[in-house]
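Take a look at these structures.
Here come two complexes built around chain A, the first alongside chain B, the second alongside chain C.
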Partner chain A sequence: MLLEVKDFGIEFHDHDRPERVVEDLDFSLDTGEILGIVGESGSGKSLTGLAIAGLLPRKKLKKEGAILFEGQDVLRMERSALRELQGDEICMIFQEPMTALNPTMRIGRQVEEALRIHHKEMDAAARKERALLWLRNVELEDAERVYDSYPHELSGGMRQRVCIAAAMVGGPKLLIADEPTTALDVTVQAQIIRLLQRINEEEKVAILFVSHDLSLIRQISDNVLVMQKGRLVEKGPVEKIFSEPREEYTKKLIAAIPRVNLDE
Partner chain B sequence: MLLTLLAVGFVVFAAFEIIPGDAAVSRLGSNATAESVAALRTEMGLDRPFFVRFFSWLFGCLHGDFGTSYSYGMPVAGMIVEKLPITLCMSLISMLLCIGVSVPVALFAAKHAGSRTDRGLRSANQLVMAVPAFFLGILLSWLFGMVLKWFTPGGYVSYKKDFGAFLAYLILPSVAVALPKCAMSVKLLRSAILAEADKEYVRTAYSRGLSTMEVLYRHVLKNAMIPLVTFWGMAVADMIAGSIVVEQVFNIPGLGRILLNSIAKRDYPVVEAVILLIALVVLLMNLLVDTLYRLLDPRLKEEQG
Partner chain C sequence: MIKKLRQNPDLLFGTIFTGILLLIVLVGLIHTPYPTTQMSAADKFAAPGLMHIFGCDQYGRDIFSRVMEGLGSTFVIALFTVLIGSVSGVLIGSLCGYFGGLLDDALMRVNDVLFSFPSILLALVIVSLLGTGSVNVTLALGIAFVPSFARIVRSEVKKQAALDYVQSARLMGASHFRIIFVHILPNILPVLASSVMIGFNNAVLAEAGLSYLGIGVQPPRASLGRMLSEAQSFLFTAPWYAIFPGLTIVLLVLGFALLAEGMTEGGRDAS
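Up next, the complex of A and B:
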């Protein structure tokens, strides 16, 4: 098992009263699997993604349970050990490709950054070659020009492709995608979804796909978790959840999907 | 830019027209007879109408001739060329000190934001900011000169004689000029860094496995410095003005000395030239700031074509 989340919970301590935002979460993710987490805003799905990527602040919140990545507990490991995983084994892409890239740094340097940290044996030429390879692999035309561009010179869709390239460049085993298509328009959304599926097949990278959009989850995921108010409502293979939802909440979510799907 | 300089020249010229006092009187002393004053006025060309004087001076400036000092009897251009390196060196050292000290201190304060050290630093900062440069100069001079006896107060070595010793004597006055600016710049940079640290690209950087220091140095610092460039540009102008006052405290014969003397003696060719020079430096700084902006922020390059 690549990733096992056991009795996981998050409690915020930045107000007078502690607030539980995630509770008793249990799930696991296999190598090469795509797991969707669906839920409305406030369901704790994004926080769960951030916790697995080791990006939750250490202060002001309490984390319970365990997040085992290849048997190592992400929540309890040393910071330096965690940083070894980040960008190399576990990578993340975010909702806003417009702001997720540093505006004053060229794309090339940002895509190469994970290599610079985790593969010190690579020289500049090797890094550039690897970065260009990935820029082409995420279907960016004119990768060389993109390599020398700044983020503001690219469209939203192109930036999200850049983010995917920057995440995949180190050859991770797990890619956490937090609402990666929410900020993009529908046609670009479909392209990014297909890109992620292709990368999943070719690179055997497991994907944790976090979204509020059940129809997207249905397109991409093998298995799905339904979350509500920090708790797990239902989990199972995606088709089973759609054909025989057991919980009321899941039924409501499915009923809320618009009948006419313009993508298909 | 030329227009601005012209306007500055005109205003200074006009100011001397308005303030009481006469170059001829101050040269001959208050006991001089009315006839001898009138004769000297004619000799100096002071009896001509205001605009005639202004334009003949302007014409001279355009040919690189800034006139002759009334009180020193030397060409103004030569005097300035001799004193300029002193004030310029001092301002340069102050600027380097200001940036060189404030960047690491601000990074440190931002990294430990909210801690006790950060709070202590902030109070110290507030205190330093409130102290004027000349007073700081007096304090430093007292502390290092009288108490610690590290140097002779009021001592000075010409840069022509021994450049190393000259720089050594400039360090304390430069510190006095730089410290208040430095404190201000720490305050601004600290909050700029904290504002940048909340942005999403910072989280992306962390997700690649960078440590906090790496994130700050590689990603945050450059972005946080963009708003500071304007401040530093203005600070240079302030530091030159500050140097003029602090030079008096440390008894350094820079531009400040001749400027103050010349104002007292109504030696207006000198005052004109020094002020024009300062205006020119300020304008050049503005130009430099604009260029730096475009270098630091690629988004601006686009807009300017």
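Up next, the complex of A and C:
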């Protein structure tokens, strides 16, 4: 088992009254699996993603349970050990490719960042070679030109591809994708989904796909978690959840998928 | 470059004014028309003319030569003041903005206290503790300039730290040090650059103010502020004594302000 989340909970303590935003969350993720987490805004799905990446602040919130990545608890790990994992074993792509890249740094440098930090034995030429390999692998045309560009010279879709390349360059085992296509238009969205599926097959990287879009989740995931108000509503294989949902909330969500019927 | 200058009059005039004054400072380092302390009874209050283009003061010293020297020390003091202020301000501000919490609260409250005094008053206090002289004045002004830089940098770092690319850098396993200095700092450079420019102007004025009060550069070295204060008594007998040093200060500040304005405008067009 690559990732096991046990009795996980988050409680915010930054106001007078503690606020529970995630409660009793249990799930696991195998090597090479794609797990979709779906839920409305405020369901705690993004927070769960951030927690697995070890990006939650250490203060002002209480974390319960355990998040085991290859048996090690991400929540209670030494900071230095966590840094070893981050960028190397666990990577993340974000919703907004506009702000996820540093505007003052060339693309090449940003893609190489994980190598610079985790693979100090690599020299500049090897780093560049690996970065270019990944820029091509995310289907960017003219990878050499992109390598020397700044983020503002690229389109949104290209930027998200760059983010995927930057995340994958170190060869992680888990990729957390937090609404990676929400800010993109529909055609680009479909391309990114196909790209993620291909990378998942070729690299055997597990993907945690966080989204509010059920149809996307259905396309890409093997298994699905449905969350509402910080609680797990239902989990199971994607086709089973869609064909015979057990919970009322899941049924409502599925019924809310917009259908285009041109015959009527 | 030339085309850019032509489209941007602020930048053009800023470059010209600052360039001329910088040239005067550089020439003044190796050569002045007259020795700056050479007195001459015959030339007492000589009017501006071919021999002395800015005229002479009450001891018959050549005002142009003294302006050259004074401009040089103003330049150097303002430069180091801004350097001290901005480097410490960047350090304090980025630590506060990035980490927040108790450190931020503590340092920013100290900052608020310092900020509540006008910087010239603060500098006066520090000078009275350290003693007069150009090194102490630079130090005092530098310290007095830290709070404003710290505040600007802190808010900018806070803004940047909330963006995904910082999150993403953290996720790459980058250390806090690396995130602050490699990832965030380049992104606040435009803001920092313009506050350095404004800071330089404030430093020029503050330095002139302090030497006007007699606690900056010590005589016999020339300083623009002190020349102004001496010229006050001879405003009607020798108006050029006040006009030329005053004009130099105005040009210096105006040139730098235009340069800063022009550069931000140029930056806006580029992005």
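Methods note: the second predicted complex is superposed on the first by the 260 of 264 C-alpha atoms of A that agree within 3 Å, B and C clash if a C-alpha of one lies under 4 Å from a C-alpha of the other, contacts with A are read in each partner's own complex, and residues count from 1 in each chain.
Quick note on the criterion: a residue touches a chain if its C-beta (ideal position, glycine included) is under 8 Å from a C-beta of that chain, and two chains touch if they have at least 3 such contacts.
Everything numeric here is computed off the predicted structure, so don't read it as measured data.
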- In the superposition on chain A, see if there is space for chain B and chain C together, and answer fit or clash. clash
- Which superposed partner A:33 touches (first chain B, second chain C, both, neither): neither
- Message: Contacts for A:112 in the overlay, against chain B (first) and chain C (second): which applies, first, second, both or neither?
- Response: neither
- Message: Is A:179 touching anything from chain B or chain C once the two structures are fitted on A? First, second, both or neither.
- Response: neither
- Message: Touch test for A:153: chain B only (first), chain C only (second), both, or neither?
- Response: first
- Item | Residues of chain A contacting chain B in one complex and chain C in the other | 53, 55, 83-88, 91-92, 94, 96, 99-105, 113-114, 117-118, 152, 163, 166
- Message: Could you list, by residue number, the parts of chain C that touch chain A in their complex?
- Response: 101, 163-165, 167-175, 178, 183, 186-187, 189, 271
- Which part of chain B faces chain A closely enough to touch in the complex? 199-201, 203-211, 214, 218-219, 222-223, 226, 296-299, 302
- Query: Of all residues in chain A, which touch chain B in the complex?
  - Reply: 53, 55, 79, 83-88, 91-92, 94, 96, 99-105, 113-114, 117-118, 150, 152-153, 163, 166-167
- Message: With touch defined as at the start, can you tell me which chain A residues reach chain C in the complex?
- Response: 53-55, 59, 83-88, 90-92, 94-96, 99-105, 113-114, 117-118, 152, 163, 166
